[in-house]
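Both complexes shown next keep chain A, but they swap its partner, so chain B is in the first and chain C is in the second.
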Partner chain A sequence: MAFNATLEMNGSDAKITLSGELDAAVAEQFKATVEEAATHNPTNLVLFVNNLGFMASAGLRVLVFAKQKMGQRVSIYVIGAHGPVLNTLQVSGFHQAVYLQDSYPV
Partner chain B sequence: MNMQALAVPAQLDQLAAIRRYVQTAGQDAGLDDEAVYNLALAVDELATNIILHGYQEHGLTGEICVRTVSADGGLAVILEDNGVAFDSGARALPGAEELSKPLEERRIGGLGIYLAMSSVDDFQYQRVGEINRNTLTMRRRRTNDET
Partner chain C sequence: METRIDFYPTHQHAGYKLRAGKHFPFGASLVPGGVNFSIFSRHATASTLVLYNKRASTPLVEIPFPDAFRIGNTWAMVVFDLDYETIEYGYRMAGPWDPIAGHRFDPSKVLLDPYAKAVGGRDVWGTPPDWSQAFPHRGRLVFEDFDWEDDRPLETPVEDLIIYEAHIRSFTAHPSSRVKFPGTFAGLMEKIDYLQSLGINCIELMPVFEFDEFENSRPSPLEGETLYNYWGYSTVGFFAPKAGYAATGALGMQVDEFKNLVKQLHKAGIEVILDVVFNHTAEGNELGSTISFRGLDNQTYYMLTPEGYYYNFSGCGNTLNCNNPVVRNMVLDCLRYWAAEYHIDGFRFDLAAILGRDPRGAPLPNPPLLESLAYDPILGKCKLIAEAWDAGGLYQVGSFPAYGRWAEWNGKYRDDLRRFLKGDMGMVGPLAQRLQGSPDLYGGGRGPTASVNFITCHDGFTLYDMVSYNDKHNETNGEDNRDGGNDNHSWNCGTEGPTDDPAINELRQRQLKNALTLLMVSQGVPMLLMGDEVGRTKRGNNNTYCHDNLLNWFDWNLLDENADLLRYCQHIIAFRRGHKQLRLGYFGNTVWHGTRAEDADWSAGSRVLAFTLDGRDMGDDAFIYVAANAYWDALPFVLPSLPVGTTWHLAANTGMAAPRDISALGEEPALEQQGSILVGGRSVVVLVGR
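And now, the complex of A and B:
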C-alpha cells in the first residue's frame, strides 16, 4: 500500500496522519512533512498511525529528527499504534520517549 | 517448494517488492502473521543497508538477489549482493542505556540492524568471493496443538 503523510495544523497541534508502508524509500516524504510542521512552531506533534501497515527504522529516525529539529518544547504523540508497528516502537525503546495513546485528545 | 529467486536493482524503490516476495514465501512456509512481518522487516532493514552502504555510498550500482530455502523448521531468506563487504552482525548494537535515552539524545545509526537482529531467530553473514551473503532464518512457532 502506497505511503501517504498529510499535515493538518490545529492551533498549537501539528497533526500528521500516516498511512501505508513507511520504509527508507519514502521516509524523506515523512521528513518533509515534519519539516513543514516545524515551520508552524507547534507545541505538540501528533502522529496518527492507525492505518500504518509497516514501519522500518527509517520511520523511527524521522521521529528522532523531529525531536532534534523542534527541541524539547515539543511533545510527540503517537496515536493508534497497534500490532507490529507498536511492537517496533517498544523494541526500539521509543515507547518511553513519546506519548502512546489510543486517541487524541485522550 | 522453494520460490524462484528475485533479482532487483539495488535501489530503495525496490524495497516494497522485496518485502512482498518475503511475505509470500513466509506465508507459503506456514509462518504465522507476526513471524512473516518480522522476517520481512529484518530483510527490509538489511536490504536498505546493502543499498545505501554497500552500493550508493561508494558510487556503485548492482543488484540484490533474494531467495528462500526451507530451513530448521522454518524459512531462511538469503540476500546476495556484490557491493562492498559489510557484515551487519559485526556492528555494535545499541544497548539498553542507548535505547532508553530521550529522542533528542539518540544516535541515528544502528537502529535498523538492531531491529533486524531482534526480529529473526538466526542471522549469518558470509563473504563468498566478491559476494556478500546474508542469511536470515525464522522458525515456525509451535501451536498449543503441537505441544
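And now, the complex of A and C:
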C-alpha cells in the first residue's frame, strides 16, 4: 500500500493522516508535511495512524524532528497506533513524548 | 546549512558527489547533505570506501579515497546524498601481507569500521547467517536525536550501590517471563518493577556491544542443540549495541531501544553499568576470521609475538594492544561515547589486568590507559570496576592501579566467604577482613568502596548450585567437563544435585540466606547475580557461556516456588539500604565478638564470628549486631551490652523458618532475652539495637 500523508488545518489543530508504510523512501514526504504544518503555528499536531501498517526508523526520526521543530508549546497526538507501529513507539520510548490515543478529540 | 561552502561537493566518483572530509571524529558521522567517513590505518597504502544497500551481497559502489583526502594515517571523505536508512558501509585496505612483520592486509576483504555505531548482519537473535556472505558485519549509520528529556547518569554514591549482574537475553527469554518481547532490551524494560521491588539500585549488564552469537557455534555433542557464543564476551563492534538484543533490531532501531531502556531504568533510580570486553576481539588468532582490526592495521591493534603470532593473555586467541596510543584513544572514545550518548553510569572491565600490559605483554607500573580512563573528563563520574586478573596469570586484586577511581571485583571476598560458609577451618580472620571491606587489600587509601563484594557472578556456580554441588557438571558444554574452574569452594550439603531429602533442602535454604546476609552486611559494594534471589540453578554447570536454554534463562516461576527466599532477599537488601553504617565510604570501627562479647575466637579451629557497629558515629542512630555460626551445632552467643534505654531487636535469623526468619525494616521484634541468643548451627543472626 503506497504511503500517503495529508494535512488538514482545523483551527489550532494541524491534522496529518498517514496511510501505507512509512519507510526511508517516503520519510521526506512526511517530513515536508510536518514542516508545512509548522508554518501554520498550530497548538496541536495530530497524527492519525490507524491505516499506517509499518514505521521504520526513518519515520520515527521524523516524529523526533516534529517534536523538536514544534517545540514544547505544541502537543503531539498520535491517534490509532496499533500493531508494529505501536510497538515501535513503545520500545523506542517515543510514546512518552506524545499523547497516544484511540481517537481525537477524546 | 546547505549554503555552507564547506559542504559543497568538490569531487565525483561513479556519480557520487564527494569532498575531503573531517578527520575527527573517526567513524561515520551525519553532516549536512551527506555522511563523513573517517578511518585510521598506519600501515595501509590505500583505502576504499565500500557502500552497500542494506543486506545486498554486492556493493552499491566502491569509492577509493583520493590521495588528497589522506592526512597522516587517516582518510576522510564526505559522500553526499546518501540515504542513511538504507546504506551499509565498510572499507578495503591495501597494504603489505607480511605476517612476520605483523601485517595482514588483504584488499579482497571488506572490513567493519571499528567506530561503527550500529552493525548489521545479526539483526535478529539466533537467525542462522548466510555463511557465504563475504561481508557479514556491516557498519550502519545512526542518528543521535534520542529525546533524553532531563535524564543524565544518576551518580549514586558508590557506597550506596547494590549491583545486580544480569544478561539481557537470559533475563526474559524464558516463557515464564510473560513479556511482550522476550530476551530483549524491551523485555527487560517490562521487568523494571521487579528490580525495584528487589531493592537493587544498579544493574550490571553482561556484554551488550555487538557480538556474533554464531562465533564458534556448534551442535551440542550430547543433545544436538546449537551451542552459541551466548554470553557475548567477544566483541565485534565496540560502539554498537547488540542488534539481536533489540525487539526492533530487524528495523535497525536498537540504538533507540537501548537508550530508552537506560532512560527508564534511570527513572526507576537504577544505574546501568556495562560489562565491557577490551582485552580481545572476535577475530581470534591467526586462524580466525578477518572482520575489522586484523585487516585495518593488525600490527597496531594486536599484541604480537616477534614471529607475528598473537599473544593470548585473554585465553580467547588474541589480545587487543590497549596501550598502543591509537588503541588507547579508541577505548577512550568508545567509553566516552557510551557515557555521553547512552548515559551509562559505569563500566566493568573484563580481564582488566590486560589493560595494564605493554605491547609485549609486560605489566606496566603506570599504565597510561588506566590513568587516562581515571582522569577522563567525560568519564569523571562513571564507576570504573576492574576484573583485576587475566588469563595470562596477572592477578591484581588489591593492587590494581587505581588512581583514586578504580574499584575491583573482589575475588578474595568470593573465595573467603564461600570457604567460611562451608565450614572450612582458619577462615574467621579472612572473614573479618572481608566484612570490613577488605582493609588488608584496600587499606592504603582506597577504602572499602574499592571492593565489589560478590559470592557469585556469571562465571561459576549460581548461589543455589554453590550449596548443591561439590563439583562442576559441564558435560553439556561439549568439552568433556574440562572447561570451567575447579576451585569452586562449594559444598552440596550432603548429596550432589537435586534431592528430596528435606533436611538437606532446609540446610541449603539456610546457607543461601546465610550468604545473602553476610553479603548485605559487608562493607563495600555488594553484587548479586541474577536469579540468586530465587535460587536459580544451572544444574551444576559452572561455565554456561554457550547455552541459549534453561541453564542460563531466568525461570520466573521461581518467584512463586522460592517466595520465602525472595522475601528474605528483599528484606535483607532493605536492611542494608536502611542502615548507613553498613555502607561506609571509609573503614569504620568494628567491635569483634565470639560466643562471648568482645572476645572473638581467632583460632584456626573457630567457625564463629560476631561483630557490632555503633551507628552513632556513622550517620545512623542504631546499633547492629551480626553473629555468624558456621559450626554445625547451635551455640549461645553472649550479647554486648547496649546503652541504657536501648534494646536488641531481631532483624534476621536464618535458623528460623519463614516468615519469622526476617522482619521488615523498622518492624523488628524485641528479643525476650537481652543477654544472649542461641544461634543455630550454620546460621546467621542480625540484631538491631535501638
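Quick note on the criterion: the second predicted complex is superposed on the first by the 106 of 106 C-alpha atoms of A that agree within 3 Å, B and C clash if a C-alpha of one lies under 4 Å from a C-alpha of the other, contacts with A are read in each partner's own complex, and residues count from 1 in each chain.
One rule holds in what follows: a contact is a pair of C-beta atoms (placed from the backbone, for glycine too) under 8 Å apart; a residue touches a chain by one contact, two chains touch by 3 or more.
If you're wondering where the values come from, they're calculated on a predicted model, not measured in any experiment.
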Clash or fit (per the criteria above) of chain B with chain C on chain A: clash
First (chain B), second (chain C), both or neither touched by A:N10: neither
First, second, both or neither for A:A24, with chain B first and chain C second: both
First (chain B), second (chain C), both or neither touched by A:G93: both
Of chain B and chain C, the chain that contacts the larger number of chain A residues: B
Footprint overlap on chain A, comparing chain B with chain C: 23-25, 56-58, 60-61, 64-65, 67-68, 88, 91-94, 97
Chain A partner contacts - residues on chain C that touch it in the complex: 83-86, 143, 145-147, 149, 180-181, 184-186, 189, 246-248, 251-253, 256-257, 259-260, 263-264
Residue ranges of chain A touching chain C (in the complex, touch as defined): 23-25, 27, 56-58, 60-61, 64-65, 67-68, 87-88, 90-94, 97
Touch list for chain B against partner chain A, complex: 12-13, 15-16, 19, 34, 37-38, 40-41, 44-45, 48, 51-52, 99-104, 106, 108, 111-112, 114-115, 118
Residue numbers on chain A that touch chain B, as the complex places them: 21, 23-25, 54, 56-58, 60-61, 63-68, 71-72, 76, 83-84, 88, 91-94, 96-98
